[in-house]
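In this document, chain identifiers A, B, C and D correspond to the written order of the chains, with residue numbering beginning at 1 in each.
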Amino acid sequence: MNRAEPAAGAPLLELEGVTVRLPVEGSMQAVLQDVSFAIRPGEALGLVGESGSGKSMTARAIDRLLPPGAAVTGRVRFGGRDVMTLSGADLKRFRGEVAMIFQDPRAHTNPVRRIGDFMTEALRTNARVPMDEAARRAVDLLASVGIEDGDRRLRQYPHELSGGLLQRVMIATALLTRPRLLLADEPTTALDVTTQAEVLAILDNLRSELSLAMLFITHNLELAAAICDRTVVMYAGQVVEVRESNRLHDQPLHPYTAALAAARPSIDATAHRLTAIPGRPLSAFEAPAEACAFTARCPYAADVCRERRPALVELDGGLTRCARARELFGRLEVELHA
Amino acid sequence: MGPAESVHLRFFVRRLAMLLVSLLVASFVIFAAIYLAPGNPIAALSGGRSLPPDSLHVLEARYHLDQPFIVQYWYWLSNAFHGNLGISITLRENVSDLIASRISTTAGLVLYSSILIIVIGVGLGILSGFKRGLLDTSTLVITAISASLPAFVAAIVLILVFAVQLQWFPSLGNGVGFIDQVRHLTLPAFALAVSSLAIVARVTRAAIREEARREHVQTAVSRGIPTAELIRRHVLRNAAIPITTISGITVASLIAVAAVVEVVFGLAGLGAYLVQSAQSKDLAVVQGISLLLVTTFVVMNVLVDVLYAVLDPRVSLGSRAQ
Amino acid sequence: MSVAAGLATAAWRRYRAGRQRRTSPVLIASAAVIVLATFVAVAGPLLAPYNPDLPDLSQYFVGPTPDHLLGFDAQGRDVLSRLLVGARTSMLGPLAVTLMCMTLGSLLAVTAAWRGGIIDAFISSGLDILFAFPGILLAVLAAAVFGAGLLAPVLALSVAYTPYVARVLRGAALRERAQPYIAALEVQGASSVAICLRHLIPNMLHLIVAQATTLFGYAMVDLAAISFLGLGVQPPSADWGVMVSENQQGIIQGFPIPALAAGVCIVFVVIAFNLLGERLYERGEARR
Amino acid sequence: MPEPVLEVEGLRKEFGPRLAVDDVGFTIPQGGSLAIVGESGSGKTTVAKMIVGLERPTGGTIRACGRDRSTPARSTRERRRRGREVQIVFQDPYTSLDPRQTMEEAIDEVLRMHQGWQPKRRMERVRELSDMVGLDARQARALPRSLSGGQRQRVAIARALAAEPRVLILDESVAALDVSIQAQVLNLLADIRDETAISFVVISHDLAVVRQLTEQIVVMWRGRLVERGQTADVLDHPQADYTKLLRASVPKPGWKPQRRPAVATG
């Protein structure tokens, strides 16, 4: 396949100040504000946030799946090329190299077409691979996601498969065009925990085999921390923290990340009360223009937080959007879990 | 045979059983209604004239009037099954023969209308479903009005414009020869089609919009499937299910409304004959035509169901689209 | 006809849902037409400037004059007066059909959805069988058996429409019944009747009203057609359907106004009811 | 050991040929709390529905406050008395409230059903309950559609508490909430347990939530109980294979997803 190889060490995907506005009741409302991050080839990046934080919108912006009327500023680059200006064959190739899997596999498969048709559609229409060849590759990939009777599955309809099985079909389908980046939007949220573990294990294996990069979107901080190399935390349409996953829980940089970790009950220890975050999560268009979006709920909010929106700053190898990040560094974890 | 096929088969068998029960009950209602009709059946049979006693007995025996109700029903039904629907009291002819002589007009009218509904209605719906703008807006407005247009009002307007003013089409009669018959059926077919056509167009448009919004269409977009394929394989294919359904149901219901149009245009069809017989209380004819129309209606509805099951793989598992 | 009926339901809902939300002028205009028609139906005989039933063959199809705004009909009667008086039967028939269908349909639908099991199966298959009769056909049959007039067609249409209404409402009632808030009330110990009357039915009221409104339009079309065929309201009574029929010859003879005027009245009222039904339904859905 | 407030014995439910619940039994002492954990299809929600009377058991007995409730209530009085024994809060706060009713109206309706109080007394109680679940007067007069998910779930909790039940069943009641809101509601539930003598039955697939709220636990798998014990014990030292698998599948920092040895496709 003819791929534009980026220079060694260059990021595979790069977002630079991406802002998305959507028409809501006549006026344009921001759903993403100045989102920047990068994914290196083969890297797994987690994207964590509560409802309305803009995490799914980010994936849609990357894959150019935004609803009609959306206004995008900033840049999305994939393999060094500007995604927003791609068209024709380039766009087709881009979509072959970036695959997407979704939370609800049932809604995302056409109910009147068979699994085989669904899996091989892109290969047949875009790469002109003959039907039997495409089917053979589909059966192979089904085997690698743990579905042994692929021939039979190809003849079935989506409603004949369980949710967990269908999600594995989705993963196999996503890999069929040999992508370099996988956008996974809450792919295991609707599954039982044991099925989730299974699906994630499959994904993990295949990813390292194929050195596939992944953007893993989830509301579950522990999950992102467990399976991703780095994690981006979003709040109200903004990136508030980017951190190596293994340090996310021990040394969070942003009060929101720390509070989110503290708010989850633990499976290992019984606490009588949790450290809840007061108030409710803001959506991007509710976020104040001239202040930190988290101010209203932040135990560390000070005057400086209400004066202007803080910039993303580097700290301890990560990024944080907190005006008091330096003075709070090292204190957040300890104090919130007290 | 795989499990899916056997489920399909079971669906069809069950559907067929329901069809038979419906027909049985419908025929019973048709027969019982006439049986319970006020007035003496002999009087109805004789057309109100008084008969000598032995003629009365002959009539009673011939029509099994001396038998219990349910036995009479059975005789009527089995005769009907063999194509014997009794004798018209006004025309003194076999009802079956009378029906046979008029059936082609009604069938032609309904067929012509159905073609108009499917070609224009579905076509317009698809166009306005995909293209927003002037065409879409005007389709919406025009169909909102024509969906409320009763067939007989549409008929007089069409006659006024196309027969009286423009003189493009004849306003009355059946015509002779194929071309002339088609010409004679054109205005009636449009009159019959106009409100159904509007409804089909609106449902089609809505179905296209709805299917185009589906998440699985987004999946296909994200996989780089070309737009033409996307529309054909996902939007149109899936929208075909509600479109087929509404078209089928609409076409089935034309059978009854055809009567009105036949009367306006003076067509010698079944519907006009039914109305005429109802007015003259020629009950054997009313029974016969009612039975035929109900049967056609029920069978067409079953065909819609079957077509639906064929188009939607989910239906055979009993998860009917709600 | 279970599946076909279910499909009709789904299609009906799609037909409604496909409409785009527009501002309320349409709603206001529709309501105005309906209010006016209702007023005329009640007060028509008082408003009529002339005797609607007095024939004067010398005035055969005489066109509009300043005194007779819509001219005269085939028997030389004042068209405007006949329109005003004819509103009553033209509106009363559909009203009766709508009331009967909605009462019966809602009752059957809620009972079937609430009780479920055998009762639901029984009601549903009964409705399926009734579905075998197209409305007009049943009305013609009824008129043949019981004689022409308004009563037989009204009863026949009520019977023929009830399955459609009950199907749509049963679906809605089943969806509503499956809502956890209904279960919460059951757990609280509220009685079935109280839950249905205080929660279930009010929450599907927008659909019931929308159905009733649309049904009125259909009933009006079908009853007018029956009268037009000579099996409904009998001449010389003034009725819009009858008027179209009586003056049909005028279309060909170049005197279209009497027939058209009655036709236009029917079309206006039906459009108004259809649009109102759609808007009411959309509003109800949007509020949820 | 205090008097049991809820006793379930040999509970069984068949849906046609499918056995959804088989031989499930447990008791909850006055003021105690029990978790029923399991995945979809384990039968845990069916058990909850049978306890509150939304499903009729095929076999077995359910006793609450010493009274049998395995068969449908025969009278309105009996039904209401059962309502004062066991209440339930569902998963989805969006659909568990009548969209046409404000919190005040919803709670007032419950109070009218269960208590013979005057309107003034009822209004006072409505205010107490909304204070208790942390909603202000404006929110108490708002329709559900203008409340957030967390606020709606508070209304649902208040409505359940209005009947002053002895047992409150929480059927995945915090599963649909955002993490930060979930913590608020979990704290609210902890406070309610502290302040009242109510018993909780927590139906959940989330082991951390269960640990937060309960003392006792039963683990269900394919309609049967596979393990029971003290919540902390079972979670720290699971015995049954299925519990071990469940425990090992919960993601946390440093966790590595594992494939199950045998892949069941179906």
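By definition in this document, contacts are C-beta pairs under 8 Å (C-beta built on N, C-alpha and C of every residue); 3 or more make two chains touch, one makes a residue touch a chain.
A quick note: this is a predicted structure, and the numbers were derived from the prediction, not measured.
S.K.: Where the contacts of chain A and chain C overlap, which chains show up?
M.R.: In this structure, the chains that contact chain C and also chain A are B, D.
S.K.: Looking at B-C and A-B, which one has the bigger number of contacting C-beta pairs?
M.R.: B-C
S.K.: Could you work out how far the Cα centre of chain B sits from that of chain C, in whole Å?
M.R.: That gives a centre separation of 21 Å.
S.K.: Quick check: how many Å separate the C-alpha centres of chain B and chain D?
M.R.: Whole-Å distance between the two chain centres: 54.
S.K.: Give, as an integer number of Å, the spacing between the C-alpha centres of chain D and chain C.
M.R.: The mean C-alpha positions of chain C and chain D differ by 48 Å.
S.K.: Which chain C residues reach two or more other chains?
M.R.: Expected reply: no residues.
S.K.: Name the graph shape formed by the protein chains and their touching pairs; answer line, ring, star, complete or other.
M.R.: Graph shape, chains as nodes and touching pairs as edges: a ring.
S.K.: Every touching chain pair, please?
M.R.: So the chains that touch one another pair up as A-B, A-D, B-C, C-D.
S.K.: Hey, which residues of chain B end up touching chain C in the complex?
M.R.: 15, 18, 21-23, 25-26, 29-30, 33-34, 36-38, 140, 144-145, 147-153, 156-157, 159-160, 163-164, 171, 195, 199, 202-203, 205-207, 209-210, 242, 245-246, 248-249, 252-253, 255-257, 259-260, 263-264, 274-275, 277-279, 281, 283, 286, 290, 293-294, 297-298, 301-302, 304-305, 308-309, 315, 320-322
S.K.: Spell out the part of chain A that touches chain B in their complex, as residue ranges.
M.R.: The contact residues of chain A facing chain B are 63, 65, 91-96, 98-100, 102, 104, 107-113, 121-122, 125-126, 157, 159-160, 177.
S.K.: Touching residues of chain A toward chain D in the complex: what are they?
M.R.: Against chain D, chain A makes touches at 50-51, 146-149, 162, 165, 192-198, 200-202, 204-205, 219-223, 225-227, 245-246, 248-250, 259-260, 263-278, 280-281, 297.
S.K.: How about chain C: which of its residues touch chain D in the complex?
M.R.: Touching chain D from chain C are residues 179-181, 183-184, 186-191, 198-199, 202-203, 287-288.
S.K.: Of all residues in chain D, which touch chain C in the complex?
M.R.: 52-54, 73, 76, 79-84, 86-88, 90-92, 95-101, 109-110, 113-114, 145, 156, 159-160, 163
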